[in-house]
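What follows are several structures.
Look at the two complexes coming up: chain A is in both, with chain B in one and chain C in the other.
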Partner chain A sequence: MEDSRRTVLTVKDLQISIATGSGELQAVRGVSFHIQEGEALVLVGESGCGKSVTAQTLMRLNPDPPVHIKGGEIRLADIDIVQADERQMQQIRGSLVGMIFQDPMTSLNPTMTVGKQIGETLEIHHKLKRKSRWQKAVELLDAVRIPGAAGRAREYPGAFSGGMRQRALIAAAIACKPKLLIADEPTTALDVTIQAQIIDLLRSIQRENGMSILMITHDLAVAASIAQRIAVMYAGRIVETGTVQQIFNNPQHPYTWGLMNSVPRPDQDKNSELITIGGTPPKLLGPAPGCSFAPRCKYAMRICSSADPEEFEVASGHSCSCWLLHPQAPAAAREVKEAYAIV
Partner chain B sequence: MSNREVLLSIKGLRKYFAVGSGRMLRAVNGIDLDIYRGETLSLVGESGSGKSTLGKAIMGVYPPTEGSIHYAGQPFLVKRKQDRLAFSRRAQMIFQDPYASLNPRKTVAAIIGEGMDIHGLFRGRERLERICELLELVGLRREMASRYPHEFSGGQRQRIGIARALSLGPEFIVSDEPISALDVSIQAQIVNLLKSLQRELSLTHLFIAHDLNMVRYISDRVAVMYLGSIVELADSGDIYAEPLHPYTQGLLSAVPVMNPDNIRPAGQEYLKGEIPSPASDIPGCAFCSRCSRAMPVCETARPQPVEAAPGHTVACHLYAN
Partner chain C sequence: MLRYIVQRLGFAVLTLWVLITLTFVLMQLLPGDPFVGDRALTDSVKNALYAKYGLDQPVYIQYLKYLGNAVQGDFGDSLIYTGRPVSTILEEAFPFSIDLGIRALVFAVFAGMLLGITAALKKGTGWDTVSMIIAAIGISVPSFILGSLLQYFLALKLSGFTNTQFGFRLLPISGWASEQHKILPPFVLGLSSLAIIARMMRSSLLEVAGQEYVKTAKARGLSMPLLVTRHMLRNAILPVLTILGPLTASVLTGAFVVENIFNIPGMGKYFVSSVQTNDYPMIAGTTLFLGAFLIGANLLVDLSYTLVDPNIKLYKAKV
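== the complex of A and B ==
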């Protein structure tokens, strides 16, 4: 995977715990990934897998306590995020990293015009004067394809639809040309038509500005439409990572298969049942030893519930933490896997 | 088509809401629709298309502004209490948000049993037995009857909501986005459950959803709504294979595909703009403002549904003779 492009973000063995009334919740349990310049990485997983808390921690958005970084390293363009103090973080947020959230309805201040809100980042980081801030805000609204940008900038968020608000938030997030844009479920609250428009917009921004994107989603199809690389998360760990082609054409982890099969294919026989993942994700208050997915896995072997799976390299840039990939895994399990992969 | 029994028939249904200063929000703006016994009919469309309002109007939640609903040949008068009560034994609803649709202060048994109490159907031990049966029917355990909603996960709560809907032994179910608040792996479980229940209990199912992959899989027929009207209605296979209305074409092309080798190039938008406000007064075709094939007639005349192929109706001037 090493190429000539520079690495924008490196996360190594990140561990995050959340103090709750019933004890320590190990939300992230040793997550490592990196993002190159101009690359889009998508973290895919279900509620509670730790994908959002990972993203929020990259911007240090969560108060400690209760959210505590127990270990690991986050390097963003040579800055050590874990060690950075609040003053440094305020300089980083908005200038080096921009972030957009799931709910465009609540992420904007309803009492401030959209143009002024977009100008805020420019005031803080670039010390622009009022007039040039406004001019820049209008340009940005135009860049995110809001028709009649000059007029819309004077309006309040209440006059904007969900899709328009998400565009305005993207405009604010990219105002200072950050190296990395973090998008946490940016299209989940939107209609499929608006979702397609927003994904298209993000792809254009990525291409035109050479910006890196870290996107969080639970929707594999959304991931396929924007990612260069995908990391599948389950119970606070990355269980499989690879290029988008490797993940979709040659998935290795039973959880990845399960996610793919949970969505009906266009040619799905209506009389056949969907292949589901039984059960529910584990609670992360004192997780059990072994693979967290084992209790829901159809292919679980004895070792799966006693020892954490090692990370196996499937191909260059494609790795998977599953005991089925061990050379000593029973041949039967491998055959199941191969038969499955064809489906 | 004609040999199938029409279970629910709506004619010229309109539901307007007053939004102040004399303006009207036309949530459902003139809909004719027959639902056949035993079928799964899906309503799809963007937010603001009126699909939820239509579902609720059919259930009698809102009295219609205009138009009629016939159920099993009999008129259903929403304003008459005995009609509503009788209807509620035959038709029930499943809601989107499994967190908000269950009373947190009631036990699962009280939630599921409420309908039986209202109708005086089962009492005492018989009632509890029926509740336990329902729990098992939806894949939960009978000892869960004494627990409270907060003790369950989202998927389990949706199962409780389904058990409640089935408690009176209905023949018709309206489910309003029953899976959109759930995780992907749980969605498939709930869809499998809904499909198997429909088969076992011979239910007729009106499925309101925006997930077009799931709709294709679950439905016999699909009705596409736009701004209060049905713009296209056909068998599920036909509508996905050959969508006729430009809106349906745009909607289907926006569905992301699980294939990284087959994504559309950046900068190519299939469906521009956004759905107008249902409070705006549009004399012609409601989709006109976003349609790439709009003609002069589209701005002045509202297109009427025509049967473009057997069982495939579309309301678009492109298909008017």
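== the complex of A and C ==
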């Protein structure tokens, strides 16, 4: 590692399958990434690419069966998550890792006061007494910028708006100052102005506490606003990973190009059609050999549908799994790449 | 809160009025009269009896008198149990019925919830299957069959066996004297309610278990027992609470059958026989009494919502 900071999370060749009525769904097929102290990594990809399953597996939140870790390794601050038993996981959840979810409207218990739900994390892990718990919960609500925190803590979630609920959930997730905060599409259910506030809040929490963040999103704009590094996921695999600058200025994978092109631009002609990536993601019940993106890829070569692409290092910290990067790839393909790199 | 209760009590009075009026109409429509019996009475005796009980007066006068009596809670004497006021008979019989009913309901609620909760938590296992089979039996086997079977196998055969072998009777066949008498009847009476509660509890708990806030709480490091007691039960219990009102009613009416099987001197006997014998004051008394009781039970259930779910307000908050 070129970085002197400590690594908080290492995921190596993670494979997750989901048992369904029609067979074994290979949701995650060999995903590797790592997150360093104080770093924000964003997993980007479309629905069903396995990013949420990956995130929830890091905390072992999915019931097994149906969701089963088939192979690979997850190391969180020297703890082997795959091998940990349920009691160890309970100690890890909330204290070492905090998590916030997609839908703040349904993520708070409607029959428990907000303050109590925030205090719960402290009760479980720090064994704080009721009074100091409450005090801390109010402080946390204040820290996530909820006005009138003392009064608000006594209210039930029904009295909170969506944005406020997500703030309260963030407060609960960071109560024990976890090393890693996993945010699974935290802004998807919120409207755009609230989205910006939540991202802003997450960034300042990360800065103040030196917390690492793993964010899951399908929204490139959200990814760009918080990430130091980005990993692009497609059909259960990471196809490209690099720093924000590397991914946005010099994207290498045709799927990443597609994602970039699909982002609507303010200077675009209002009447022009939105750009999409043609076709649909592959079914993961029995994935075909080769690159999963090949059937949708404009630049696919013969090898793409027969052999899994190797991982090529584009620059330090920037790698991409695509046959176009192979030294023997046709010159035409390299020209396409270069044309793209100018963006 | 107080305003809500007063409002509900107002509606309760209205409901009771509709109830006693309907009862009156139905009694008038019933063929025959209380004095059609085994012995043929001469016309003069009959007329004297009609006059004594006011049955010779026009219907609207009878109705008004009946209404007046009902308001005062005095239904007069029974026409069949001559010389015994209806209120006295009810006073004597009610304690047996309420004792049986409460035991049955408590059994149904606690055992039913326990069964439903364990079935939900062990979903898909043998325990779940067994629980749901018990529930299916409870719903589909009528109490008079279950009661008779248990009487035969447990109270007669098994108790007879323990009597000859060990010198004590395990369970008595009928009556309502000792605590031993009070085991089988509440069980038989409560089983169908237990089944309904168990099934409801199971499906409700399973639904809550899939909620996002349970996953979020799990991500805070809560253990399964804490997740269940803190986050799931309270939210899952509302639908169960809702059916407690109707269940109370079904337990009460079911009690008449069970009292009959186990020979318990409760209200059931009077309720059924009074209709058969056209004992007008008795019909009115029992109907009104049970009606008031049920309305009260439903009110209690509605009030208990506020204890379980703080988001339910029974009145409009003052803005």
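In this text, the second predicted complex is superposed on the first by the 331 of 343 C-alpha atoms of A that agree within 3 Å, B and C clash if a C-alpha of one lies under 4 Å from a C-alpha of the other, contacts with A are read in each partner's own complex, and residues count from 1 in each chain.
By our rule, a contact is a pair of C-beta atoms (placed from the backbone, for glycine too) under 8 Å apart; a residue touches a chain by one contact, two chains touch by 3 or more.
Here the structure is a predicted model, which is why all the values come from computation and not from measurement.
Of the two partner chains placed by superposition, only chain B is touched by A:V244; chain C is not. Once chain A of one complex is fitted onto chain A of the other, the partner contacts of A:N109 are limited to chain C, with no touch recorded for chain B. Touched residues of chain A were counted for both chain B and chain C, and B has more of them. Contact with neither chain B nor chain C is seen for A:L25 once the two complexes are overlaid on the shared chain. Residues common to the contacts of chain A with chain B and with chain C across the two structures: none. Across the interface of their complex, chain A is touched by residues 46-47, 153-156, 183-189, 191-192, 195-196, 210, 212-214, 216-218, 240, 250-251, 253-261, 263, 266-271, 274-275 of chain B. Taken together, the chain C residues at the contact with chain A in this complex read 211-213, 215-223, 226, 230-231, 234-235, 308-311.
Those residues of chain A whose C-beta lies close enough to touch chain B in the complex are 46-47, 161-164, 191-197, 199-200, 203-204, 207, 218-222, 224-225, 227, 244-245, 248, 258-266, 268, 270, 273-278, 280-281. Per the touch definition, chain A reaches chain C in the complex via residues 59, 61, 90-95, 98-99, 101, 103, 106-112, 117, 120-121, 124-125, 156, 158, 169, 172-173.
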